[in-house]
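Input: a single structure, listed below in structure tokens.
Lettered A, B and C in written order, each chain numbered from 1.
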Amino acid sequence: MNDDDLSTTESEERQPIENDSLFDAPPMGEQERMVEAILFASAEPQTVKDLNDRMPHGCDAAEALVHLRKRYEGRGVNVVKVGDAWAIRTAPDLGFLMQKETVEVRKLSRAAIETLAIIAYHQPVTRAEIEEIRGVSVSRGTVDQLLEMEWIRFGRRRMTPGRPVTFVVTEEFLDHFGLESARDLPGLQELRAAGLLDNRPPPGAIPTPGEGDVDSAEETSEGQSEMFED
Amino acid sequence: MNDDDLSTTESEERQPIENDSLFDAPPMGEQERMVEAILFASAEPQTVKDLNDRMPHGCDAAEALVHLRKRYEGRGVNVVKVGDAWAIRTAPDLGFLMQKETVEVRKLSRAAIETLAIIAYHQPVTRAEIEEIRGVSVSRGTVDQLLEMEWIRFGRRRMTPGRPVTFVVTEEFLDHFGLESARDLPGLQELRAAGLLDNRPPPGAIPTPGEGDVDSAEETSEGQSEMFED
Amino acid sequence: MTETQDNLPLDTVSVAERLEAEALIVDVDGFEGPLDLLLMLSRSQKVDLRKISVLELARQYLSFVEKAKELRIELAADYLVMAAWLAFLKSRLLLPPDPTEEGPSGEELAAHLAYQLERLQAMRDVAARLMGRDQKGRDFFVRGIPEKMQSVRKVKYTATLLDLMQGYARIRTKDEFRPFILDRDRVFTMEQALERLRGMIGFAGTWTDIVSYLPDGWGDDPVMRRSATAATFAASLELVKEGKAQIKQEEMFAPIMVKRAERKSES
């Protein structure tokens, strides 16, 4: 096609549409605003991937989060990390203002609380292991309740005879207790240093409840570390 | 009333409860945090009275709001007035982040396909020529749709009275249809040979469409040939 | 066994005995198994769990079980299993080691029991610390008015090369056909035939070939004749339906005859 004046002008005009590289990612300040808007809008924590998926192409939500988190330090609401995700939560010291918003958490039995703690500190952990630690069998209701609250979920099966299921804690658990990760569980380091998170097989036959426990010694050798190390 | 020892003691004891002046209102920075947290966590916009009722005695929610509003100016979320109450809302320009696009693929209308075909086979072609070939007028919407899809664009104006604009197909069009150039479009005879023509012409009335059928219509444009000749 | 022992038949013992039992064992119902009971008993030693005397603990436990038996409190099976095991452990700890005997030593078993108690206590401590943390919905809060993601439907139009070519072919071939225009001049409609027949049938007392009812000038041109014949035939059928005419054909391709319907005497 001949290039007359008109067509030249045209092709110059079209260029911005055709050339993607001319569309740079928004400036970081804008990206920070976007992350701010998304996190404010969501009650659920959002992963960096969630954020990047929603933001324009070329954005770096991870970097924007660093800035945003800093911006909200010491404020009435904070940017908090929940597992692999991020959320905005009110500052805990202001909880007294929120009687209206307080949610009645279902009262947990002592058994449920202990079971939850054992799962959190020993995850991934089998039912048999929980029973060995508590010295009693774990009732179905207790596990069901924790599952229903979405504080625990099934982890990978153990590669031991019977392939027992394991339990791990969820992101919702971390969110509920304001934990960045399971590594931040209170007292975790001390327990580990004291060897209380080891799977120490019983020497011989100490009576333990249920028959599920027969192979607890063998099956506990692996796995412990997977949740706490990254 | 007489001031005896007892009553004095009593009033001293009671004073912290009854006399507000002993409780200084929190610093304005704290009040701002409180308003921030309340507005964030509340399910409904809050009036200044709501805020003052929830905050410790002596707080000035109205003033805290002024500061907070300023703080959120230009941010990803803003403090906005809703009726006579206040809320935190997504900045209007970031509304697009709250939308999830689902793309529904629909077949182009017959009118659009025919118009597109004429442009492809006859480019550059004016609207009047398209109408002549189709035998019906071409709606503005059809052309706009094709322009918006970036399958056609404006070509050079015709050097004829009225200098009408012409339409040509775009690179995008060629991309979509997997064509090297518009010249690669098969002619009528080839279409028929390939069994693509569903209307059976009456016997003895087989037209001789030539390559691309360019000569069969009355468009005697000077630009016609350039697209179809090497 | 479950976490609550509600199978103790407390109503079978006297109030005095029950009070005595409660004074001793605090609350049997409250224990979550033998290990829990052992943990409680171990606290009476008032030492670090690591320094606990397992021998003393075994003694305490066994005396608890004895007392329960005296009070005829029925203990769940695993309390008794634990009692038997502790009795065994006690004997191992007290007697000089028998070299012929296999398995772990009394010390090893005692160490593991101490470990189990320490671990259970540790889990209880961290459980308390966990529950003592700031909790969502109690100490810190989520957004009160979360904004839902709006789903925006966007329509994307598409077409295939085949659509395009067929569309083009459709336009370019439509001129090849003469548009179908009904040639009204050479069509005799049924309405016309009916009108004509209505006027004439009253006089047709005898069987008459419907061809004789064709309008003038329609019999020569084959196209016109065909149209007029068809219309007249259709019109005669309509009259038969109305009961005003009779129609018959002797054999295939024979002339179609019509005549006025006889109202009074059937023929």
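Criterion: a contact is a pair of C-beta atoms (placed from the backbone, for glycine too) under 8 Å apart; a residue touches a chain by one contact, two chains touch by 3 or more.
Bear in mind that the values here come from a model prediction, so they are computed numbers and not experimental data.
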{"item": "Where subunit B and subunit C overlap in contact partners, by chain label", "value": "A"}
{"item": "Per Cα centroids, the chain farthest from subunit A", "value": "B"}
{"item": "Interchain centroid distance [CA atoms averaged], subunit B/subunit C, Å", "value": "35"}
{"item": "Averaged-CA centre spacing for the pair subunit C and subunit A, given as whole angstrom", "value": "29"}
{"item": "Rounded Å distance between subunit A and subunit B, as computed from the means of their C-alpha atoms", "value": "34"}
{"item": "Residues of subunit A engaged with two or more neighbouring chains", "value": "40-41, 88, 90-91, 98, 101"}
{"item": "Sites on subunit C at which at least two other chains make contact", "value": "141-144, 147"}
{"item": "Complex contact set, residues of subunit A against subunit B", "value": "1, 4, 6-7, 10, 14, 17-18, 32-38, 40-41, 54-55, 74-77, 88, 90-91, 94, 97-98, 100-101"}
{"item": "In the complex with subunit B, residue positions of subunit C that touch it", "value": "141-145, 147-174, 176-177"}
{"item": "Contacting residues of subunit B [partner subunit C, same complex]", "value": "37, 40-44, 87, 90, 98-108, 110, 112-114, 116-118, 120-121, 133-135, 145, 149, 176-179, 185-186, 188, 191-192, 196-199, 201-202, 205, 207, 209, 213, 216"}
{"item": "Interfacial residue positions of subunit C with respect to subunit A in the complex", "value": "1-3, 32-36, 78, 81-82, 85, 103-104, 108-109, 111-113, 115-116, 118-120, 122-127, 129-131, 133-144, 146-147"}
